[in-house]
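The letters A, B, C, D, E and F name the chains in turn, as written, and every chain counts its residues from 1.
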Amino acid sequence: MAKVRLINYGEAPPAARAVFDDIMATRDSDYVNNIWRALASHPPLLGRFWKLMKEVMVRPSRLDPMTKELVYLAVSITNNCEYCINSHIAAARAKGMDDAILGELNEIVALANAGNRLAMGYQVEVDERFKTRFADKPWKAPRKMKKRKAQAGGRRAKRG
Amino acid sequence: MAKVRLINYGEAPPAARAVFDDIMATRDSDYVNNIWRALASHPPLLGRFWKLMKEVMVRPSRLDPMTKELVYLAVSITNNCEYCINSHIAAARAKGMDDAILGELNEIVALANAGNRLAMGYQVEVDERFKTRFADKPWKAPRKMKKRKAQAGGRRAKRG
Amino acid sequence: MAKVRLINYGEAPPAARAVFDDIMATRDSDYVNNIWRALASHPPLLGRFWKLMKEVMVRPSRLDPMTKELVYLAVSITNNCEYCINSHIAAARAKGMDDAILGELNEIVALANAGNRLAMGYQVEVDERFKTRFADKPWKAPRKMKKRKAQAGGRRAKRG
Amino acid sequence: MAKVRLINYGEAPPAARAVFDDIMATRDSDYVNNIWRALASHPPLLGRFWKLMKEVMVRPSRLDPMTKELVYLAVSITNNCEYCINSHIAAARAKGMDDAILGELNEIVALANAGNRLAMGYQVEVDERFKTRFADKPWKAPRKMKKRKAQAGGRRAKRG
Amino acid sequence: MAKVRLINYGEAPPAARAVFDDIMATRDSDYVNNIWRALASHPPLLGRFWKLMKEVMVRPSRLDPMTKELVYLAVSITNNCEYCINSHIAAARAKGMDDAILGELNEIVALANAGNRLAMGYQVEVDERFKTRFADKPWKAPRKMKKRKAQAGGRRAKRG
Amino acid sequence: MAKVRLINYGEAPPAARAVFDDIMATRDSDYVNNIWRALASHPPLLGRFWKLMKEVMVRPSRLDPMTKELVYLAVSITNNCEYCINSHIAAARAKGMDDAILGELNEIVALANAGNRLAMGYQVEVDERFKTRFADKPWKAPRKMKKRKAQAGGRRAKRG
């Protein structure tokens, strides 16, 4: 059972309610999943995570919607996230995944998890031909920053 | 070696340059780490991840800066992320972590990774007293959405 | 450095040599990657893993070749397998992946790893609507097996 | 609940039925576990995974049957696979594991998970004496392949 | 359900009973969690793990009690240990964690899991300035050991 | 490179020196691995982790020394701990592991990592026959504790 109460629309603070509204509008649905209701216990987190999910998974991009779900699922299966496997299998099915594609996905995920351990177990070095070689130059700060730093004089830059 | 070229300030597209500027201003430094230069190979990703990092790790909040770094480190050590361990140990040291605190952190991380496997290996059930019990009510959509759905008639809501 | 010597064609035992031949023929290349040369230290493993890789990743199926590589990569990145990330980024690029798609892949993998932990950290329960409900019936052994078991009399079935 | 229906013997397609028959014959049992019934939703996967399991875990080899199960369990506990922990503890008990050995296994698994994080958290470098040093020579393709490549002329070898 | 019987006080062997007594005394409680009752199936493991938990998590040290629990939780969430997440959220709440801090913790854990994969997915190299440079000298054994080794003559040192 | 300086015998504080002495005596060697020299940066951690390692891995027990190393390795490979894989392959070879056994180990580890994901990806439920059923009774505190609690009156027991 969730470690916080699942917030309902009627009791949500305005910031959370606005996110719930956007979720329903984006999905053209009057349902909001449990995960969003749990995140509403900390509204800034709800807002940030929904924004990210919407921009990365919903907004059209180079990869088609089902492929995105398959990649999301591959990670969720590898990490054994029960909630995520269940909700994203539903999402992938809604985007065209059938039992045969689920079977292919599961087999590639299993094979990759196996292959990863063979490479690790034997500590195999990357083949020379797979190594990328860029003429990476060290970071060169823009003049304006250098000037600013100079003006700041002895003040030591903080690193974060 | 990174799988994309590390972008420098002078060659960055405007969207990436704006993020580089904000990183330097936020940190009051004229240096930009390799991770941001790699992410600049896909500017929308650079923008989103930096925004998140700034809001979660830099903006003042309930947890103090060093504690945040310790939590970030605990995850990075558990996942064995060499880049992250190196950069966030530097960040944590800048916020007050010394060898004794690093020692405590490493021991708690090791202990938790051990304790996790004892609970898993014996498949121990959660104690009744640790289970949270909320009077969770099922999701109740707001009236406006229900009306919208009704108007949409037979059109089936898409779930995403 | 690999924990076994990387076997060369000239010194490989016949079983390993046959696999090397099939790898080169399948890929129409005269090069064999380090991973296969390491696995050749235990020929039965080499034979089985190559057969699997060929049937799952090379043989045409419902998922297109680049999508398969993206799924394989999503797993390898989640597990931080340096060898696999390097070799399968090369493979994915050969099948059409460019920097923008790599950017999308990395962002979905990052997002899924984040989302997985939010669902875990709050211990969110699966929504009723995502639960699958099949009329699963218990296993019913075929008559022939039952007969065989009956003939075997008191001999207890071994479970493996 | 499983994300596909658990196939029963009577409804299984011939390819799946043949695997079910082999599972029962190999184990001298008329029972087939849930995992195989789930994999039967994609028969090629069922066939390949059972073949592998049989060759690696059932066929006699250098490691004795209980040790194999302990290694399988160590992985399953580290990955927190509930299904696998339950079924392979049953298998290991059938091969001689008692509570004391389970206790030893769980403690080594916990200790290794802890020790792994100490080495990672401090980023300890491998001792010179543990590094393997083989006179690894670069891959040298057999003459026949070179000839074939030469005949193919300008046709560039594809890497897979 | 646990894979061993949960031992009760009345039936515990003396070694386990002494640990139960110490747990109750240390926590000033007459309750012993399920994990300790499961570990009691192998008393040496129970004794060692409790001793460690007490010295690392209970004994006062540089990090305050709530911070220690947050670090323990960050690991448990990353590893998806249901038992540990439930019991240590209870422990953290008892030490002052509220919903807002739990929200911050979950967001940092999610962010770190994401950031880890971006660094891995792009295989970003550690910045020169984050690399630690110690004048590490090779191990120099004390004279007494050298003498002992010399006396032992040809007897080869065993490495463990 | 390690994130702390590797402590040498001559400069170690007495607590660390005593552990170094015990490591060398236990292993009958005048060499101390890098991991112990790194842990010496926080002597209490060094003492506790060495004690555990000695009691669990060195002290004779039901499992033979090579099997213990194989279990330790299975975990280290699954977690991709470079330091641990290198040092424990050396340890396992010293206890009898050859290339064929390493091959078997790596294949079982790969197979288990694959099998784990098939069970997770399909969310297969544990077979009824693999579920353990113990007549677990709730915790019953000893009379002496109950009396103590009664005497403490309103003082609330702290849970840790």
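Everything that follows uses one rule, which is that contacts are C-beta pairs under 8 Å (C-beta built on N, C-alpha and C of every residue); 3 or more make two chains touch, one makes a residue touch a chain.
None of these values were measured; they are calculated from a predicted model.
Shared contact partners of subunit A and subunit C, listed by label: B, D, E, F. Most remote from subunit A, judged by the distance between CA-atom centroids, is F. If you match contact pairs by residue number, over half of those in A-D turn up again in just one of A-C, C-F or C-E, and that pair is C-F. Between subunit B and subunit D, the centres computed from C-alpha atoms are 32 Å apart. Separation between the centroids of subunit A and subunit E, computed from CA atoms only, is 28 Å.
Subunit F has its Cα centroid 22 Å from the Cα centroid of subunit D.
Multi-chain contact residues, meaning those touching two or more other chains, occur in subunit F at positions 1-4, 31, 41, 44-45, 48-49, 52, 56-57, 78-82, 85-86, 89-90, 100, 102, 104-107, 109-111, 113-116, 118, 120-123, 131-132.
Those residues of subunit D whose C-beta lies close enough to touch subunit A in the complex are 3-4, 41-42, 44-45, 48-49, 79-81, 138. Interface residues of subunit C facing subunit B in the complex, by the touch rule stated above, are 80, 85-86, 89, 99-100, 102-104, 106-107, 110, 128. Every residue of subunit A that touches subunit F in the complex is listed here, in rising order: 73, 77-78, 80, 82, 85-86, 102, 105-107, 109-111, 113-118, 120-123. Residue ranges on subunit D touching subunit C, taken from their complex, read 1-6, 8-10, 24, 26-32, 37, 44, 48, 52, 55-58, 90-91, 94, 131-137, 139-142, 145-146, 148-149, 152, 157-160.
Within the complex formed with subunit C, the residues of subunit A that make contact are 1-4, 31, 33-35, 38-39, 41, 45, 49, 52-53, 56-57, 61-63, 67-68, 70-72, 74-76, 78-79, 81-84, 86-87, 89-90, 100-101, 104-105, 107-109, 111-116, 118-127, 129-132.
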